[in-house]
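Each chain carries a letter (A, B and C) given by its place in the written order, and its residues are counted from 1.
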Amino acid sequence: MSSLIDLTLAESRDGLQKKAFSSHELTQAHIQNMENSRALNAVVLETPEQALKMAQLSDDKIAKGKAGPLEGIPIGVKDLFCTKGVRTTACSNILGEFTPTYESTVTSQLWQAGAVMLGKLNNDEFAMGSSNETSRFGPVINPWKSDGMDLVPGGSSGGSSAAVAAQIGVGATATDTGGSIRQPAAFTGCVGLKPTYGRCSRWGIVAFASSLDQAGPIARNVQDTAIMLQHMAGHDAKDTTSIDTPVPDYESALTGDIRGLRVGIPREYRVDGMPSEIEALWQQGIEWMKSAGAEIVDVSLPHTKYALPAYYIIAPAEASSNLARYDGLRYGARVEGNSLDEMYEATRAAGFGDEVKRRIMIGTYVLSAGYYDAYYVKALQVRRLIANDFHEAYKKCDVLLSPTTPSAAFPVGSNHDDPLTMYLNDVFTVTANLAGLPAISVPAGLDAKGLPLGLQLIGPAFEEQLLLRAAQAIETAAEFNAQPTTWWLNNE
Amino acid sequence: MSVDEATVRRIANLARIGLREDEVAGFSRELSQILGFVEQLDELDTSGVTPLTSAVETVIKRREDGVTDGGIREQILANAPLEDDGYFAVPKVVE
Amino acid sequence: MSEAQIRESRVANTPNPKNLVSGATGDWEIVLGLEVHAQVSSEAKLFSGASTEFGSEPNSQVSLVDAAMPGMLPVINWKCVEQAVRTGLGLKAQVNCYSVFDRKNYFYADLPQGYQISQFKYPIVGEGIIEIDLDDGETKQIGIERLHLEQDAGKSMHDQHPSMSFVDLNRSGIALMEIVSNPDMRSAAEAQAYVKKLRAILRYLGTCDGNMEQGSMRADVNVSVRRPGDPLGTRCEIKNVNSIRFIGQAIEHEARRQIAVIEDGGTIKQETRLFDPKNGETRSMRSKEEAHDYRYFPDPDLLPITFEQSWVDEIAATLPELPDDKKARFVSEYGLSVYDAGVLVSESESANFFEQVAKGRDAKMAANMVVGSVFAGLNKSSITLAECPISADQIGALIDLVADDTISTRIAKDIFDMMFYEGPDQGKDPSVLVEEKGLRQVTDTGEIEAAVDAVISANPDKVEQALAKPKMAGWFVGQVMQSTGGKANPQAVKVMVLEKLGIEEA
């Protein structure tokens, strides 16, 4: 039975279709693995009963020949997505035992397609972090280890990436605001895709930074990622920023043919002090693309180094406003006070962790009187320059190739001295969020310690098909089939 | 630009986050650090550049007028920490 | 120039002696600006599909978006945009084809999002004008600075419980138009006239029902005082005044308060105040406020509001005739007095009612009937025109009966009362009543002569007095009117009496 969890999403789909096994069997296998893998702390709320109920309904549908495209496929859901009747916390104390009476659009679509929910997955509190160490439920441990140390799985979607890497479900929903899908995917040897801004609906997803957040899949390979994206994407009238453009067939875009593809190498991504392994991997990626018939183009994105500071003005600014609704009045964990203001202050002091407080305060500061022009407007102007950089670059190339992260996964607890060191994890990823462009991370190799490293591709708006096709070329060439040893399993 | 303790208190007040006295110094340090980092943007001349608020390039959709929502009081109050006779109950506001 | 200096330079500084208030140490001028919040007439809220109806059970007209649940997003109700454009046109204002919604961030129990979606830098409507009607028949132009769309807040009640407040979010998210005037008003009367005219315009346009008791229109009044010719004084804002009467009272009290403070050697603290109708005074809002830092920024969940000028022009073409234009037309077309015209156009229903009555009839008679009888009757019975028991056509028919001499104006008054007030004849057609009650005017010369003769022969002593004092003829006319049950044609009676008594018409 345990071999069922080894099947990819596509293989599971085929197996169910051919009736090689039932969704009940498949789901049960994943539930078992989920229960055995608690040492990872990837799952904050297991929903086995619901999963089995959904699996039963799926089996009925399959029997009647009415299977949906994801019928019976077990996946995990980042605890940022509101799930009807199932506690949703954004991994923050402030939401207490909040149980939404509504379902996010993205997860609705997945359930509509027949998918089965295994549980809610861990993340950095309110999606703010790059290591999943700020969660109310404690840190997630990366399935990959080195030197016997616990490593972070990346963040904020650390639970999603760890779950996928540990084969808890065949895929997971996640969100990316500054790299929160791609960086954890890279740290855990998975594929993670952040779609074009507006491709997926944000309705029902706890908002962090409205103009940067995007939902996307983390999965084991490019094909699985394409399949999941297919059913996450789409216009939603309830989200004004969601774009009304048809969702193409992503899976069929995986032709494997990238001959003539112009791959841009942005020279500014070669940052000072970049570890040689990362540089080497990048070079390797360039060679792979060349061998597959792509044309390599040297491009410049001159304002790259300003992306991170611009991001750390814009994202906190929007977050400071988006998180104002968490006040203990209508939902969540209220801390009483003798007056309304006392209640607000006590509730938010107790409910928010330090990183969230920092970002709310930075955001409040940069928007405040006297600083708005100097910081917020300035950052938005820089954002325009960064978007223009990409626009110019795409006149000379079709996709951009870079490393995903400046390092492999680092030990839990190693970056607590100052927030800035943590922020630097996002240096290669934030640009795509600022410009609203789609980007994907593909596992490309292992570092000297045997830890996974990812390569990132960034594409033009709404060119996810192109992106996936290019990503598949890397995947094919890299032949990344390393797996972590399953040290975490508790098989009692 | 450093964020002194008085500023930390003012911001925390604006954001309605209660701070313990022993937290203020730490936040002052960290926020100063972060601001020091983001101030790199001053190196850039951005005069005449239109700020980019949203990456979305499309026209806003025009929703038609009509009652399509509401009437879901149980849902609205379902997660309320304290409710009374259909109202949200909160500590008294003195006006 | 600083913003304050720019503001200062735009405010008229030529005091009208009529408006000056005398304090202990000399004259003072009151400077007033109003921010009116007008609820947009629409079925659903500005950013959600919940209903805007008044008076429902608490929290029964609240969507997940209105309650600011996690992950909720605003979606613009385009009707509200249209209503704002329509209002801008009615205010003869500049309509901006590009505007942006900003978040105004602050914490309060009735503000679920922790911010209000409003418009700060790029409002949908710019500068405009309202002409107000003053008591002496003069008019004055009051400048409109801008109009913008914003969400209304919910309602919190603080007096139901010793330690708890209760929050109802039904109102949260309803579309408001905030209409900001220039500080061009100089008296409570002017402020009241401004609100009256603004309300009439909004009601004519159908963009706001102007129902102040229900809160669909309320005013924040900015009051400051200064010595005539001096720069602007510090202003205080009196928030949420919800009747025209209270606006007047609040201004009177606040101006006096400020004058007293200054004359006592103090300075005015810029603050927000509330008007208490129970004692007619304003008091400071006791919240520990530094000046609010609202940290406005464009709402990233929305996109800019853009539309073509051609759409604005389409709307302009559908605008009804507005009160000022209608009043001018009533004066020129119907020859009405400015006063009567003003009364008739204060509500479009009244104006329409009048025109229906006046169609093909003497306008002056119509005006007298409508203003003098109908409106007086409505007032007395405390009912609205919509509840009037008689129709415009029925009034018209009554006028016709007078015009063709079927009845006298005196009888017409009686018939009106029968038709209007509660009783067996309420709502009946006038011609029916004339027949039923035999109220036809007596014009037959023979009948009149007989009646006059009868009175003359019965009152010889009065005849003697009349011969000495011709004015006594009136008594005979009165008697004849009485004896004929008021039905005799008064003019004919008078002529006959004078003739029979042998008196020359004076």
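The rule is short, and it goes like this: a residue touches a chain if its C-beta (ideal position, glycine included) is under 8 Å from a C-beta of that chain, and two chains touch if they have at least 3 such contacts.
Keep in mind the model is a prediction, meaning the values are calculated, not measured.
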Measuring centre to centre, with centres taken as mean CA positions, what chain is farthest from subunit B? C
If you average the Cα atoms of each chain, whose average lands nearest the overall Cα average? B
Could you give the separation in Å between the centres of subunit A and subunit C, each centre being the mean of its C-alpha atoms? 58
Just curious, how far off is subunit B from subunit A if you go by their C-alpha centres, in Å? 23
Using the average of all C-alpha atoms in each chain as its centre, how far is it in Å between subunit B and subunit C? 41
Check: subunit C positions touching at least 2 other chains come out as 64, 67, 75-76, 107-109, 165, 167, 293, 295, 300, 302-303
By the touch rule stated above, which residues of subunit B touch at least two different other chains? 14, 16, 53-54, 56, 58, 60-61, 63, 72, 75-76, 88, 90-94
Which positions in subunit A touch two or more other chains at once? 98, 101-102, 211, 237, 240-241, 320, 324, 327, 329-331, 340-341, 344, 364, 368
Within the complex, which stretch of subunit C touches subunit B? 42-44, 48-51, 57-67, 75-81, 107-109, 156-158, 161-169, 274, 285-287, 293, 295, 298, 300, 302-306
Residue ranges of subunit A touching subunit C (in the complex, touch as defined): 82, 88, 90, 95, 98, 100-102, 104, 202-207, 209-211, 237-241, 317-318, 320-321, 323-325, 327, 329-331, 340-341, 344, 364, 367-369, 372, 376
So, in the complex, the side of subunit C touching subunit A is made of residues 64, 67-76, 103, 105, 107-109, 112-115, 165, 167, 293, 295-297, 300-303
Per the touch rule, the subunit B residues reaching subunit C in their complex are 14, 16, 53-54, 56, 58-73, 75-77, 84-95
In the complex, the residues of subunit B that touch subunit A are 3, 7-8, 11-12, 14-20, 27, 30-31, 33-35, 37-44, 46, 49-56, 58, 60-61, 63, 72, 75-76, 78-82, 88, 90-94
